[in-house]
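One structure is given below, encoded as structure tokens.
In order of appearance the chains are A, B, C and D, and numbering begins at 1 in each one.
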């Protein structure tokens, strides 16, 4: 009996059935259905179809402004203290017509950031968030050092490289 | 013609990498803060501390009473109102879910059995945070491990973990080595502890528990404690030629050779100013980048 | 007339099937291994030293990066170890959610193990099928804590936030389809003659050797020892869960494969119980903002997917940082058994043995 | 039947050479199309089996010649048209990459042998195609207007050797020298192990392969590729029982074919997870490309042999079942180029399908399977075939 079982490879046929079934499924569905339909394959066609991120996704650190366009940060330095890799540097300053302290400098070194969101957790004024950017690559180290000034590449705007990953919230 | 006579400007020194170059040996993050205390949990020390604290509290109270008496008699003598009698300070009770686990006297049968077996070799037994701790003399560790492993009422079959801690502030020892034993059949755990001075070579547990092989190599690698009769006492995680033992307290957190050059572009010269200030305070040799 | 020499060959540190930067020095007589020496340390980052300089709150992010395949298990060990150090009682809902996530992470880790182990042995399709399910789990982690691998999921005293809306529904959707997926892997592998030939009787390690070498986890259970820390020293909400500890007695690679598949089924069961019986209540205990420790030392073991993961803390009086932190990494101890498993066997069995030990180099080298 | 008897036409030497050259060019062109297409198909088939899409980036993205069309399709929320062919140009890209890559020869390698080895491999693989009949007769006649060769028949094979099968088997086994020599010459440890495995494997699997091919030889009574193919396919002179023998022989042959071409589950010579890349670890550039070409050409050869001898060759039905369709039926009863290539493509698909499904044998187990199972089985099958041939 076992001799026959060895001769007739039912086990291998079983495996081939599983893979063959998937081949058929994907072959007949992959290129015919609309995007976001119930596809048999699991590949996301990433640059063409935007990635769907969860609301709590931890991306790049961003400073927020309130309705008047005023920076919300009041320089309590909680984020600077709690940061496990010390990537935030804040310098306190004064500004005309503002009672609370004002950050003259808010520097963020993304090259060492580990995206743990401790800074956001420690912030008592909801003045920072981690946005939904995950495409954060750069060509040189200066690209990873982000401050309050700088054209298009600062703490308020999303990084210019991440064109496909900014979520709408 | 005038140009050719003019002496050539001396060649500028080679530009340092990046905006700043630190004197690594003197860099602030290298300044190691050595611990002042010996955080070695021990029921004996704890009871002594509690007793001392209670005595101090009592003495303070007695002093307050005495002061009050003095003040009272003084006030009576001067005909003023009597001062308020002192209130004994009640320890502040925090409203939170924390119950600090203090060491308590050993009541577990295993610990008592171990003390009975080993006799004088046992220095201390106690329990803390639900864990059984037995501190034995450093020469008797092999004997203690053998007892734990082979005594039928103990039967700790597995050496789950072995590690060591550096106590530079301690006087008569430098390291504690802990052995975490597990009894799979009885679902129990036990911690054996020895205190060894610098340079002492404890016996290896490899013969009794082969799992100690790599753990002891790691201890040697990280803290520099050698073990006698170990089959292969070499470094395991660091390279063979590594200098120093990283988990000792005098070893700086940032290893030798790490570059501390800031690669960010300096916005408005703020960083430069800050760094110069800091360097001036610390007396660090901070070269300025070449101006171009 | 002919010179007869043994050949020394370096398997790694760059090699397709050493799961990272493991280097195994092999001495080969033909294809037979006569001596096998694992060399580790290529990924050593000094986590223990770093954690001595970070507060109890901050140190958790380094645990993500040890066993990066099962980071939630590592987070659980850290959080519960620190809670044991301070004597913090965690709310019941938090413990249930921790159990839920840890078990989901165990599934993710075992799926990755199955994927890479099968790929090592040559079955490349199981890799993608297992990754498909793992992707779903990673999306769940992303929904809960915002990251897929480096989760930093828990906080000392409980959780940062409650479960996000839709989490339970999505988990239930995963639960409903997962058992069929395991059946699919079994269809591809369990009865396959080549798979059986490559795994049955390969890399044996009997119970005595396992215990002597400190080997824990599925490798020990496949040798017939029903030692599971979730049962023996229950933490989180495992004491309230109803599950079995699957064991086999063959102690070979095939038995470990079956044990891990059975464990995935048990994890599925635990997740279902967590989802059904999730209690209401707060998720964070009342603790002071800055934790100051007393002189204490604890060793807290949990059952990570690879075996016993232990955190050993020494705390000083009034300290906000651990005086000493040590990790008992399961892969580190398990890897000691590699020479015993492979010496005298063929080169291809070394690959199977590395795969069946399920080593993660981030955890071994720390 | 017109296909049975070849027209005997006296040709001059020049005419023979020119016709031969034309046929060689045609065959080479077919090889150079089908082999890269196989690599593309490998990406796609294995991709689909593994619930992903395979290669889609070339001619599938927003840029390039097909970019505008794709952009429109994506913006409409649909995957691009012709998307089953997305990524098709990758076989051109592959070839370009291999040709333009730096050709590294390790410092301590034996330069001559190192260069010779891939050439041996690729020559052996391509030489085999000389004896394969793609069509068992005249495909068409050259038009009269062509000078010198006007009016001559263009046959569906390069040469019609009387001992064609022997030639194929002999030349195919030369291919292993390429692997062994290349690995030895690279003076490295992993290739050495790979080549030892490969040599042992090919030597052991030649035996059952040849034994399983002896069944068609015995049944058809010929060694000529074209004659064997025609006899076995039409099944006119064969006993119906010979189908059993052919059926078993087919599976033995296919198993040995997997081993001969070093494909999963017998890809020990280049077992990626054990020996990094096996015998071609040190090869790069077009030298590696030659090994690559040889492997896929060998796959095509194995498929062609299986098609011709077991699966009914140029006719529709396999294992001599063609006898049930009379030759008078228009398309199905006639030999056709399409059937032959369709079956080759199917077996190539099986190669990929099996590659995606099965794990890999261990070295000693491979030997076990070869010597303890396949050789006895092939011998028994041969014996059965002999009985069928002479008793019925």
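We adopt the following convention: a contact is a pair of C-beta atoms (placed from the backbone, for glycine too) under 8 Å apart; a residue touches a chain by one contact, two chains touch by 3 or more.
All values reported here derive from a predicted model rather than from experimental measurement.
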Any chain that touches subunit B and subunit A: C
Most distant chain from subunit A, judged by the mean position of its C-alpha atoms: D
Innermost chain, where centres are averages of C-alpha coordinates: C
Highest-count interface - the chain pair sharing the most C-beta contacts: B-C
Inter-chain centre distance, subunit B versus subunit D - centres from mean C-alpha coordinates, in Å: 69
Approximate Å spacing (C-alpha centroids) for the pair subunit C, subunit D: 45
Intercentroid distance (Cα basis), subunit D paired with subunit A, Å: 48
Centre distance in Å when subunit A and subunit C are each reduced to the mean of their C-alpha atoms: 26
Contacts with two or more other chains, residues of subunit D listed in rising order: 49-52, 356-358
Per-residue overlap in subunit C, given as positions that touch at least 2 other chains: 125, 128, 132, 188-189, 192, 194
Residue numbers of subunit B (touch at least two other chains): none
Of subunit A, residues touching subunit C in the complex: 6, 9-12, 14-15, 17-19, 42, 53-58, 82, 84, 114-118, 121, 130
Subunit C-facing residues of subunit D, complex: 46, 49-52, 189-190, 193, 197, 264-265, 267, 271-274, 276, 355-365
In the complex with subunit B, residue positions of subunit C that touch it: 40-41, 44, 46, 48-50, 52-53, 84-89, 157, 211-216, 225, 227, 232-233, 285-288, 294-299, 301, 308, 310, 312, 314-317, 319, 323-324, 326, 328, 332-333, 335-336, 365-366
Complex contact set, residues of subunit C against subunit D: 7, 9, 15-17, 28, 31, 118-125, 127-129, 132, 188-189, 192, 194-195, 197-198, 346-349, 351
Subunit B - residues contacting subunit C, complex: 35, 37, 39-41, 45-46, 94-102, 128-131, 133, 157-161, 163, 165-166, 178, 180, 182, 184, 187, 189, 191, 209-211, 213-215, 218, 222, 235-239, 246-247, 251, 253, 255
